[in-house]
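Here it is, the structure, as structure tokens.
Labels A, B, C, D, E, F, G and H are assigned to the chains in the order they are written; within every chain, residues are numbered from 1.
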Amino acid sequence: MLDSIMKVAIFFGSQSDTAIMKKAADVLRDFGVEFSSYPISAHRAGKLLAQTVEQFESEGGEVIIAGAGLAAHLPGVIASMTVLPVIGVPLNGGKVGGLDALLSIVQMPKQIPVATVGLDNAANAAYLACSILAIKYPDLKAKLVAFRAKLAQDIAENLGGGNVL
Amino acid sequence: MLDSIMKVAIFFGSQSDTAIMKKAADVLRDFGVEFSSYPISAHRAGKLLAQTVEQFESEGGEVIIAGAGLAAHLPGVIASMTVLPVIGVPLNGGKVGGLDALLSIVQMPKQIPVATVGLDNAANAAYLACSILAIKYPDLKAKLVAFRAKLAQDIAENLGGGNVL
Amino acid sequence: MLDSIMKVAIFFGSQSDTAIMKKAADVLRDFGVEFSSYPISAHRAGKLLAQTVEQFESEGGEVIIAGAGLAAHLPGVIASMTVLPVIGVPLNGGKVGGLDALLSIVQMPKQIPVATVGLDNAANAAYLACSILAIKYPDLKAKLVAFRAKLAQDIAENLGGGNVL
Amino acid sequence: MLDSIMKVAIFFGSQSDTAIMKKAADVLRDFGVEFSSYPISAHRAGKLLAQTVEQFESEGGEVIIAGAGLAAHLPGVIASMTVLPVIGVPLNGGKVGGLDALLSIVQMPKQIPVATVGLDNAANAAYLACSILAIKYPDLKAKLVAFRAKLAQDIAENLGGGNVL
Amino acid sequence: MLDSIMKVAIFFGSQSDTAIMKKAADVLRDFGVEFSSYPISAHRAGKLLAQTVEQFESEGGEVIIAGAGLAAHLPGVIASMTVLPVIGVPLNGGKVGGLDALLSIVQMPKQIPVATVGLDNAANAAYLACSILAIKYPDLKAKLVAFRAKLAQDIAENLGGGNVL
Amino acid sequence: MLDSIMKVAIFFGSQSDTAIMKKAADVLRDFGVEFSSYPISAHRAGKLLAQTVEQFESEGGEVIIAGAGLAAHLPGVIASMTVLPVIGVPLNGGKVGGLDALLSIVQMPKQIPVATVGLDNAANAAYLACSILAIKYPDLKAKLVAFRAKLAQDIAENLGGGNVL
Amino acid sequence: MLDSIMKVAIFFGSQSDTAIMKKAADVLRDFGVEFSSYPISAHRAGKLLAQTVEQFESEGGEVIIAGAGLAAHLPGVIASMTVLPVIGVPLNGGKVGGLDALLSIVQMPKQIPVATVGLDNAANAAYLACSILAIKYPDLKAKLVAFRAKLAQDIAENLGGGNVL
Amino acid sequence: MLDSIMKVAIFFGSQSDTAIMKKAADVLRDFGVEFSSYPISAHRAGKLLAQTVEQFESEGGEVIIAGAGLAAHLPGVIASMTVLPVIGVPLNGGKVGGLDALLSIVQMPKQIPVATVGLDNAANAAYLACSILAIKYPDLKAKLVAFRAKLAQDIAENLGGGNVL
């Protein structure tokens, strides 16, 4: 584990998002990054959200992941509360092909960015969090480099001599 | 004017939205509805926004209009701060055909609705505010009924005998 | 119940929309708002629709909810018949991601607004109806305020110490 | 001219649509089809619209063309008032790429069809009206056949020997 | 039956479209309109298509319905072969929400219109065919008027006293 | 020039497409590939189109480029007439963001493919035609390889030492 | 088989694409075209991809098929590595209706085209590969011509006398 | 300036993107972050791109910004070459509303994320880069906090007493 404090916080807007957001947690665990997690709706508990974000930052938190669906304001609202990097995961609730969540997260106004990843791609939010932390923690960077090398090696070993179809 | 207090507040996220949001102001003036107006970005001045919404409500405000573009969080964030009816105006910043602002406003999660009108249609936000106030203020309802009758009459008088093309 | 007359009418275009529109009815019941409900297609029974809207208004009705799918004209057609606030619920029939119903309802021409809520979000139409009525009925406003406080409290109580993933 | 009565009526929702709808008028004149034209908004003058449609039909009218933009209800509302064939022209007001008008016109519910043509393609509405009338009026069919032959001939004469680029 | 010849031809591009296109056949049978039906792909059997269209027209055929999915060229290709009114049914194959078939059919170039109905709405193609034929066959018009009256009556009889939710 | 016969034919649906399609011609000239060009609408001159395609193929033609807008049937209709490779260029007429032409060309049914390039990207159609011809003509392949090398070299020479902003 | 070397290579980005890409393999087998196949992610094993493409080309390979989903870079990345014709198959992973993969493949920048076929239409990629090879291999062209004739004949034999609905 | 080495590299695919990407450079200068900039097309100069990315990383570079339009592969291709955080800026070339570039960048496959910001929003890419660097450089974090406070203060000072419309 990186030191022994929480480096990443995972926020999500609804209990129903738990299954997808758990994929981010799994990746962080694989890389030994400690994290906390908070199911807090920006629209239903805005003050609790502000307190939680402030406390996370004051205790040394460094990166925030936030997943939300529909008019997915959670990542942007968090981004308005902190200068920590905020990674947004648009969750595809099944309407209009997921464009609602994607555009609600990525099209942030100038000066308040959200680092958006793909639809339902909570794992990538965690990989991105690792990449960000890795500019500060060389051990984590080494793990990422090794992980990438392993990915390439696995593919090479499964080519099947160009004869898989 | 309805009594002599502000019944409606018009919020918008950026000075550059002034020209479009002015159309809402014009309609409210035509119907004698007093209003205040606040260019406050939800993302850049969240605390000021919360204070202003709270003060407007505590002073007897009744309906809120909020216009925003891109990842248009302003109406939804205001809706999370009050139970007053919030009317959202998606502003078409020219990207992805305006779907970003429209979906960011209309696709609110359960329990926290925003009454969304058409793209750049600030005038309709004001007409809707009047319809809402009119359930309480009979004089305003009478004005709306007369206005609608006038619209129909104007069309009837300009039919040109079925011979306009 | 608010007084003892119908405050809200729920219209919908087809018997097949019953299940979704029932969610609006459930919310209104929870808040003690009396309502009537009418499955009337604007395209198949236009005169019956006009009569029903007129009667509802003449008997003191105050807010209309209308749900429709596909080329969802019902809310707009009702809005053309009354100055009461009309809340439109786009119903996602599964084609083009629901954009047909959403755009057919929200993109109303100037002067005749429809207060549009999210796709299939009939519950939010009812919450919005409550917010509108609440500007006139203080008891209802108090219920809404309490309901919002309860939502926030429930979230706070289920945070699980930041340790849910 | 076909007999000496109006065979086609052209409706449109707003004076601002005049320029585009005139292209339908031009085609009808070219083919000697008499027509009347009515700028009547379905939302602002619904009763006048109903009266005009009824009178057109009672006087022997046979085909209706209706152009509208945004939440383009005009063609569908007319289709609900008559069993005459109704041709809808979606007018691209510049929002969401014209999908609003197109989907609002074409996605009509079962039993009440609108014959939809392309965005802003008022000329094609008139050609379609001619094709429909031609099943009853042989002279008009002959004109259409000759017109199509002329189109093909013009192309053949302008091939430039395969050497135009 | 209208006289005793085929008035309508139903074309479709693939055997897999049979189930949906059968809904058009059912409506035509209900109204006593004789029809023939042809599963012919425009892309795989273009010459057979041209011969069939020509024969249908030469034998007194009057209206053509054509259903197709994906890059749905069938209705437009038929429209290029005849001046008979051609009604296009976009079939939603499940990709890009059906926009492929819809746009491929409705966005025809000037002079060669296709009367487009809603996605998978083969029934409406048949109702539209009836409306077109009805300008020539008064008995069919009477049936359509009666059918519409019945639709409205059914709705009126099932209102349930405004108490269905 | 490759031998001295036409290797490529460029078809397009309307004279108004000339300016964009000329970009394909320019690339072919740069690579010394002879071509012919034909402005023939599939919908207005279907028989002339069939004759021209057949003649081009019988005279040794090898690749076809076809550009079209709106419900862009031209490339697919040509593909139904020949087994030569057909490259489709969707032309953005300004409606629905060009999705109409793109989907009308790319979503061809099984067995009859069209090789689709980007919106308005007629130049790429010509580069693709060169790549296809290059599997047979080694001189052309050598030119393509040299061209690509030149592209990379130009970029390397204009890097400005990492200091261009 | 054409000579006895690999003429076509099929690349795809993920093992999960195997089932769809197999349809391309089946078509190639039917036409006696030899092929190799490689599941190599452009993003996870870029160097292996470059080596494999280079080797395929150096050993006389002539056409490449590449299928990918989401931000489908694989076909374009391969196109940047070779002047061989590259055919891209957008795979619909279920998000945003497949527009992500389609646009990521077809909208290539000038000079580096990808021949794009329809969503999930791997079979058409193979038919297109055959058409391309057929400009060089007359036997393959003869097979394609016969195949097309058979398609048309099958349709003619299954017309059912115009009486299938 | 942070130390005296390059912390950020800005890549973009085409000279024509210079004007928009310059906005990222301006923000970095305002915050005293040193950067280099490279106009390198992933498709036309892939090897140069790989060398440049490798060199930037080996010299201590920490964050990469990459802007691209159309089938915008540049950010994803760079992300495949390094574990440094890569921020993608989709550039709206005017086709399909910018969805091509947005989806091509954001929908990256698992394990290889790109931190995507809004369309043409190069400034936000730079603000995000600052947020990322700020987890390591406290001085930069202090500047960001001050900057945000200034934004809020400016809004508060320009409220105009609620009287701007």
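We adopt the following convention: a residue touches a chain if its C-beta (ideal position, glycine included) is under 8 Å from a C-beta of that chain, and two chains touch if they have at least 3 such contacts.
Predicted, not measured: the structure shown is a model, and the values here were computed from it.
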(request) Would you pick out the chains that touch chain D and also touch chain E? (result) C, F
(request) Mind checking chain A against chain G and telling me if their interface is mostly the same residue numbers on each side, over half, or mostly different? (result) different
(message) On a C-alpha centroid basis, what's the spacing between chain E and chain G, in Å?
(response) 35
(message) Quick check: how many Å separate the C-alpha centres of chain A and chain E?
(response) 50
(message) With centres defined as the mean C-alpha position, give me the chain D-chain G separation in Å.
(response) 43
(message) Quick check on chain B: which residues sit in contact with 2+ other chains?
(response) 41, 44, 70-71, 95-97, 99, 102, 106-108, 111-112, 118-119, 148, 151
(request) Just spell out which pairs of chains touch, all of them. (result) A-B, A-C, A-G, A-H, B-C, B-D, B-H, C-D, C-E, D-E, D-F, E-F, E-G, F-G, F-H, G-H
(message) Considering only the defined contacts, which chain B positions touch chain C in the complex?
(response) 62-63, 83-87, 102, 106-108, 110-119, 121, 123-125, 127-128, 131-136, 141, 144-145, 147-148, 151
(request) Using the touch definition up top, name the residues of chain A that touch chain C in the complex. (result) 6, 9-10, 15, 18, 21-22, 24-25, 35-41, 44-45, 47-48, 52, 70-71, 95-97, 99
(request) Provide the residue numbers of chain H that touch chain G in the complex, in ascending order. (result) 13-14, 41-44, 46, 69-71, 73, 76-77, 79-81, 95-96, 99-100, 103-109, 111-112
(message) Help me check something: in the complex, which residues belonging to chain H touch chain B?
(response) 92, 97-99, 102, 118-120, 148, 151-152, 155-156, 158-160, 162-165
